[in-house]
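First subunit A sits with subunit B, and in the next complex the same chain sits with subunit C.
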Partner chain A sequence: MKAAGIRGVGLVGSFGCGTGALENSLRKGPKPPEDLVFFVSGRERRIPVHAVDTSPLDNFVSKREIRRIDHFSRMALLGAFLALEDSGLTDASRDSLGLIIATGYGAIRTTFAFLDSVLVDGDSFASPTLFSNSVHNAAAAHVAIQLKITGPSLTVSQFEMSVSSALLTALRWLDQGRVERVLFGGVDEVCSVIGYCHERFFGDSGGRIQPFAANRHTAVAGEGAAFFLLDRQEESRYGLITEVRQGRITKAVPFPEKGSYIINADGHPGCFSLYRQLFRPEAEVAAFANHYGSFPSGQSFDLAIAALALRNGIFPSISGQEEMPKGWRYPGVVGKKGITCLKCDGEGYLGAIGLKGG
Partner chain B sequence: MSTKEKIKKILVEELNLEDITPEEIMDDAPLFGDGLGLDSLDAVELVVLVQKHFGVEIKDMDEGRPALQSVDSLAAFIEAKSRL
Partner chain C sequence: MTLGRSVAVTGAGCLCAAGANLQASLKALFSGIRIPAPPSLFRTSHSLSHPVFEVPESFFPQELPAENDALRTARLAIAAAGEAFADAGWRSADLASLRVGVVIGTTVGSAMNNEGFYREFRCGGDPDMAPIRRFLRSNPAAAVARHFGLNGPLQTVVNACSSGSDAIGIAAQWLEDGICDLALAGGADELCRTTCNGFISLMISANEAVRPFDRCRRGLNLGEGAGLLVLESPSLEQLRPGRVRARLAGYGAACDAYHLTAPHPQGTGLKRALAEALGCVEPEAIAFVNAHGTGTPDNDRVESIVLAEMLPGIPFHSTKGFTGHTLGAAGGIEAAFTVACLGMGKIPASIGCDETDPELPAAPVRHVTATPGRFAVSQSLAFGGNNAVLLFEKGERS
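Let's look at the complex of A and B:
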């Protein structure tokens, strides 16, 4: 497949809104998570999460227009608006613009709100608005309507492999000439069910993701949307996506040995052990999940950081770098071999996205 | 809280009308179209909300169309049904 150029990047995360907010977070250190309050058998529980404020969406669309759009879709919509704005292609035709959204959980907050309403009040009281937003492709529908995108639209959910899986399709659409551009994004949200699961299955995270912690759980649930405007241009200020691979994890590193890697190590020691198996001792490796949180489509934020590093020619200067495994070092100048964003899941699969300067 | 006040609160909170307060909704303003700007999906939502909050069922379009004209008409419908 031919490479795809990254023309625009739109981000909304716990760090704030836009690429500048993420760069600020990388420079100054991650914002502390906030408490998510939920109830288990009537007892109040609190768990730290990286939560998102979507109020900047007011800059793009009126409150009335988004009144039936839930938090999940609002994050997607804000990310999409920002990516389109960043690309400078706001006036370009939307007829040949495709839309692909990757999500691990979908609109999980709305899905469970709908199910709860059926369980508590009965199916005759089920809200049609909650139902319409509970389906996985609701966000893509809202984005397409608000941005007047009339090209093909797709939502891909393959849990932690969602981003690489969806990106494969985006590259295929561009390669086939099915569309001229693709608005591609990863989005996931946090909710009380996620909070309950984190507390139930992982226990106390300590409130701070330590990506390279090998022996303890430090995952802090997060949410956000990272969108990209992709096209077939061979020159792009954010670089090119040259390759996307998925498959079973083997002992071989999936991309050029001397490139730099951004791994989506997000505080799950089981997954981190897989990354350790893959790399040589002198590998150039970075991990940034402590800036946006732990969620299935978090790899889309690594893709954004890789794009920013390619634009700047150098990896971000970061505050509070975590201690790394012996021999690994933090990347500096982006070399000719580029950057690989690597995601390993708990089932022994990997998704790898290769980027180079454009 | 009167029936009208409760209806207005439900309209704003349950239909997410973030750009208007319950006090700003006129009793006789049309709920749909040029008035409050609600649409057909809101109508379905309102049928569910009226049953949930007031225990009053809007059985079909013949009942729903006149009842859902305004806050005035909806309050009158709910109060009439509640007396049965």
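Let's look at the complex of A and C:
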């Protein structure tokens, strides 16, 4: 398999908009999460979440064009525009551009808003606008329409493995010459139901993700969109994606034993225990979910941080680094073996994305 | 894309309202039997009844009883997967040593929309988490892999109504690149009150039995089911000669970039996807086309325009008159039908088309029709402007 070059990166997260905002967060420390308010058994509940402001989308699309577009698709649109802008290829043909979006739960706010329209007013008053925007590939449709992308379009929902799974196909498209470029993004959103689920499943997170906490849940729900313009160039300022592995950890899908690792440890001790089993002593490991939050497609933000580290030749200097398990250390200069972004889920599946300098 | 070495299809499984398995479904198709009925799985308060195509409980294998910890979509997928593996001659024990990928398309099967849970939550209640746990355990690709003990890569495709076709095309690409030795691919979807209300709100759900391509077509009937194929890499196929039912010779996909729910009026994306799938295969070599044929005015008009222009004179039919529109499952079910019909050398009548539409430049077959030829096409259109086309070639087991 040939490597894919990362030509552009577009980010929107609780840290702000653009790669500079993420680098700023890494340097200065993550913003504290906001409160999400809902009611359970008549009592007000306040759950910390990493929420996103999509108002910078006004810089790319008129308000009129996006008035019926929901928060999920706005995040996707903003990430997509930023990635394309960052690549410097805004005028390139979109005929041979493919589009792939990875999402754990899709436009979940709109899914529940559609149910609201039914539950409040009755079946006959179900909202067609909300229904059509609740379909998982609605964001891809809006991106394709706004950016006039007429190549193949794919939306993948493989929960925690969504990013690595979708990236497998993105690299196939490039490798087989189906398209010249792929606009690839991970998107997920938070809502009150997600906040409620977090509280019921995990209890009080303490309001701050501690990626290396081994014995308690610290997951804080988040949302965002991380997009990448990928192509077949062998040189790229953000480096190359050289390998993607996804599957249950077995002989068939071996653990990649090389380089430095960015793990998507986002405050779930069950998943973290898998990382602890996998790594050799003295492993170079970093985790950054405390800067963007816990959500299924969060690995796409790790991919962005790996791309930035490859561009800079060094891992970001961070403030507020959490205490690591004994023997592990934070990576410094990016070595020849590159970086592996690693995600483990609760069922023993692994999603690994290998990158190196280009 | 033209698939360089053609990926082998060695097994097919299907469960839908037409039948409990592929053979039973084909028998219903060629007998002209269809049984749309009001939904029994849920109720709505619409003034008009909108018939659906439900899978009766008796169609599920006995070893797959209804259970509380998996969505119906996952159960449908597991049932079809079992049939497909058996058809291909694979036992679970043999699969353990292979890299088996699972690529399944769905819509409802990946939507967190449990109405009972949400009703209680929005009223300020403290709902039980069982529906959420069930949803999280029911990702179709993961549920199938867990059931059969498969270890390879997973992908649940959520491209709306082209999901099943896209899943098969993507699995073929994975096999060609050596990501896995064998892939199970297709689609699965269940009937759901939320989806039913959605399609009625869009005014594209008919309150009578669906009539694809008919002059008086009034929209679609929803359905449910699963259709899955076993695809094998060239190296694996060579170890078991004589097993090939068909070959996936091409896959094309393109986006209209035009509208969220309506196809491009001239079918620009469909034309591109069809051209990509056909590659160098001449139209004369195509035996038939299994059209998307939902029975909505827009879909059928666009497909008719594209088929008249790109495959003039080639017989085509819609099988949604027998199955309903099974959404994410449709591409998988129709791929299984296409593989089987290609082997049989005939296609069933496009049921529901009683009076051809003079405004359409091409009309489907209205009788059982002999279709000699090496290749057949199955095509899907979807919300989001997605278009996906599969090209199958006869195999030695045909």
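Simple rule for what comes next: the second predicted complex is superposed on the first by the 347 of 358 C-alpha atoms of A that agree within 3 Å, B and C clash if a C-alpha of one lies under 4 Å from a C-alpha of the other, contacts with A are read in each partner's own complex, and residues count from 1 in each chain.
Throughout what follows, contacts are C-beta pairs under 8 Å (C-beta built on N, C-alpha and C of every residue); 3 or more make two chains touch, one makes a residue touch a chain.
All figures in this text were calculated on a predicted structure; none of them were measured in a lab.
Student: If we overlay the two complexes on their shared chain A, which of subunit B and subunit C does A:Thr111 touch? Say first, second, both or neither.
Tutor: Second partner only.
Student: Could you say whether A:Arg64 touches subunit B, subunit C, both of them, or neither, answering first, second, both or neither?
Tutor: first
Student: Count the residues of subunit A touched by subunit B and by subunit C, then name the partner with the higher count.
Tutor: C
Student: Scan A:Ala126 for contacts with subunit B and subunit C and give back first, second, both or neither.
Tutor: Touch status of A:Ala126: both partners.
Student: With both complexes overlaid on chain A, does A:Gly151 touch subunit B (first), subunit C (second), both or neither?
Tutor: Only subunit C is touched by A:Gly151; subunit B is not.
Student: For A:Arg280 in the superposed arrangement: first (subunit B), second (subunit C), both or neither?
Tutor: A:Arg280 sits against neither subunit B nor subunit C.
Student: What residues on subunit A does subunit C touch that subunit B touches too?
Tutor: Shared contact residues on subunit A: 124, 126-128, 132.
Student: Going by the contact rule set out above, which residues of subunit A touch subunit C in the complex?
Tutor: Residue positions touching the partner: 1, 39-42, 99, 103, 105-106, 108, 111-112, 114-116, 118-119, 122-124, 126-128, 131-138, 140-142, 144-145, 147-159, 161, 165-166, 168-169, 172-173, 175-176, 178, 192-193, 196-197, 200-201, 246-248, 250, 252-253, 347, 349.
Student: Which subunit B residues qualify as touching subunit A in the complex?
Tutor: So the residues of subunit B touching subunit A come out as 15-19, 37, 41, 44-45, 48, 51-52.
Student: List the residues on subunit A that touch subunit B in their complex, please.
Tutor: Within the complex, subunit A contacts subunit B at residues 62-64, 67-68, 121, 124-129, 132.
Student: Which residues of subunit C touch subunit A in their complex?
Tutor: Contacts found on subunit C: 1, 44-47, 98-99, 107, 110-113, 115, 118-119, 121-122, 124-126, 129, 132, 136, 139, 141-142, 145-146, 151-160, 166, 170, 173-174, 176-177, 179, 194, 197-203, 253-261, 268-269, 272, 382-386.
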